[in-house]
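Here is the structure we will look at, set down as structure tokens.
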């Protein structure tokens, strides 16, 4: 507020300056590219990368991002994000509102694990010796120990429902193929394996990498900042949220509650 | 966009001009009143009226508005607005986000009935003969018939759970007292009774005024525009939404879904 | 509530039954397809179609949907959906919350035009004589006249900023190619052209098809229900909303308001 | 999930058990009190306390809570929460959606300071010697130093706009009166003064208690948990958000952006 000169309308325009898009009469550019050059040519995932990074991805980079986005689309009507959107769709609001109420809850517990896992993988890679892959195990053990002091949950590992997450194998084998093709460095994949090797439940059971961990590996390998792991999951899950909200809309139910009206206390609203 | 003169920063300030509040260094005025004159003196309901109408309410007007707001605070954990906020509170978002996801669904079906009922009551009063109360019945029958052509639901009447809404009697007797004291005209109350007299289910049962109808009567008697019936219900229900979200927060549950994990398909997230 | 038999847990499970996805321990199926068969193989747009329609799209159908989604991604920081998300990102909430506050406003005025335009195009096609393309003009004139009685805005036509929307040509020529390849019938495209031919401003100017009209043509040609025009725009715009929210996050601004702090009344919060 | 017995519908009902409200046919109880006993008798603030705490407040407790809620209602159209709701109201969504998009952004930076300040005041009181008021200064200095290591912002102190927040004096003098009447202990008020005495800008200027600090003192004196400082601010600000959204609705603007259309790049949507 030390700025004392008289402000001008240029200051106002500058307040909303952006490098994401340029809009002028008859002109729409996304990251410097005319939208007409993208429509019908670039895939939605390539455009997502372009919007977030400023350039177009290599085929391998696009393929990894696409796989991560496809994998997170839906996990059934009992996920809070989905259940909320289904109930919202019966309350007389638009699909835009139903989707908003649903994705709004993709917070630290429901969707945020990917962001935390990217941070954890990055920390392990930073601490390990660049030249010595084995040092990743030592770093993983240290970081894991520190993490568990803060929380009983290790983000990106274990699933209370799936013994092994069915999305683990296809996602990680795709990353491995990209590593074999030198499309991504692969250190974050090794870091994730290092955690998996060193993580056991009190009962001594394995705690396999889950969907958040797999997508975190992809985002970390692609050099995406941790907060975008959450942001990208929002884009991915929006698709499932919309599909479920739409199915519920067609059911004709009104004011759907969490349990059937036949169960006491009866289902009621207002 | 025909404006061709060079815009100035005054145009920018004017774009955000408001008569609701005035903020300058060391000054906060709400509808022209220094906030210091309101803190500790005006009630929250009086300030709500002030913010929406520009003046302070009479004691009776404040009392009626307060009763309507108190009546809508909560209707149990199975109302979508409440259930959504409870689930949201377990997903690692703030109470602000849990409340937002909850009140966001107070749409045409869940909360919007009050707005529609104010419109219906107003239409009946407009059509009836000012001098002849009996003419309200004729107007009610006509408006009712027109409404039922559009929808099987008559907004503000009947409740799938309560044979008679326990909020009906205290709210309407309060309005009657205000009418007796000449604090409000009372025509919209008569219009609501006229509907109630003329509304039967196919089975011939009575369809009593419900909470939306009672609050609609109050808002209409207070001369509040129909859309504010929805807006004020949002303020009222926010209190219940917050209380339920807070209780759920304290439960320590994570990613609460609509049904217990013990019921197949197991409760799962992501 | 006439159901009198004792409810069971099966009733509860049935309450959340869905045909969108199946989740069991170790199993995730989207519309009957194991997620492992989709990861790394299906594109995000193909999966979007699968989730909404239950099957995978033909290459042409996927291409048209992808083009519509790419075209709506962003329209600059002054679109309310984008501006809201940018401000939200400076208030200490997650990217999930910033995206939610932004897409939540894609209502009847900002984003809903596509839905209304699909309805208008469908109505024209329904009224026109199947065998006689020329009859589309007559139907267009009638529907247009009826529409203008209800509102001064014809959804999907005209843009207060672009003389001709730069997205019009690439989108409609792509639809035309699909028609030439017999991938879509093309009647809704003709209906849109019929409106365009018969729509003039009071000043006699042309009112070209805009982005909402172009995407409405695509959604109608693909046989998607009107409400999904809004739902799909939400998915598309979410990408731009996320990119802008992320850029704003990196700026380090706190509590960004609509105009710069240097303009009186100074930028203030709380 | 170690629960192996067959689940019953009672488990389902229990999943949504709450102590906040009881709803049965013809019965609505809030915290054990029939709603009919509250309508027309309890104030909205008393009911808010009841819903959050389970009992009704003393007159002084209700008065302090009411003052805190009144004080936070509005801070002008440039606060992100307000600006967002005003823009939302022009996009064709309901007032419920406009309010939701607005209060959703009351996060750690915009609205969360009160929660952090309650934590800080509590920490100071916990560290200070119960018997020795002077020890609050020492504790304040320590806690302040620790806090400033983590962040340059001390929550609840200083305002970039108001040299002295006009809400400070009326709020704190009300708390002082309550202390004089032995209605609240007053230690958190002393802790706030201790911070104020020991907090200076680099330039040596005073950094007075702001609205977040004043309401934090009230909430702490009332024994409310820190997260409710945020939750209660949401209730308070919702009133201003609604008033501004309603005013904007009446303007008839469509797709209002942050700056006027006359300023290049022109105001545009979609």
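Here the chain labels run A, B, C and D in written order, and each chain numbers its own residues starting at 1.
To be clear about the criterion, a residue touches a chain if its C-beta (ideal position, glycine included) is under 8 Å from a C-beta of that chain, and two chains touch if they have at least 3 such contacts.
None of the values given here were measured: they were computed from a predicted structure.
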item	value
Minimum number of chain-to-chain contact steps, chain B to chain C	1
Selected interface, A-D versus A-B, where C-beta contact pairs are more numerous	A-B
Homomeric contact chain C-chain D: same or different residue positions, threshold half	same
Interface copy of A-C among B-C, C-D or B-D, judged by whether over half of the contact pairs recur	B-D
Size of the rotation, in steps of 5 degrees, that lays the CA trace of chain B over chain D	180
From chain D, the most remote chain by mean C-alpha position	C
Chain centre separation in whole Å, for chain D relative to chain B (CA means)	22
Between chain B and chain A, distance of the C-alpha-averaged centres to the nearest whole Å	37
Intercentroid distance (Cα basis), chain D paired with chain A, Å	31
Contacts with two or more other chains, residues of chain C listed in rising order	1, 7, 9, 11-12, 15-16, 22-23, 25, 75-78, 83, 93-94, 96-97, 100-101, 104-108, 111-112, 160-162, 258-259, 261, 263, 265-266, 268
Pairwise touch network: line, ring, star, complete, or other	complete
Partner chain C, residues of chain B touching it in the complex	1, 9, 12-13, 15-16, 22-25, 93-94, 96-97, 100-101, 104, 160-161, 258-259, 263-266, 268
Residues on chain C engaged by chain A in the complex (per definition of touch)	1, 3, 7, 11-12, 14-16, 18-23, 25-28, 30, 34-36, 38-40, 42-45, 47-48, 51-52, 63, 66-67, 69-71, 73-78, 83, 94-97, 99-101, 103-108, 111-112, 161-164, 166-167, 169-171, 174, 227-228, 230-232, 234-236, 238-240, 242-247, 249, 259-263, 266
Residues of chain B that touch chain A when the two form their complex	7-9, 11-12, 72, 75-81, 83-84, 87-88, 90-93, 97-98, 100-102, 104-113, 159-162, 210-212, 254-259, 261, 265-270
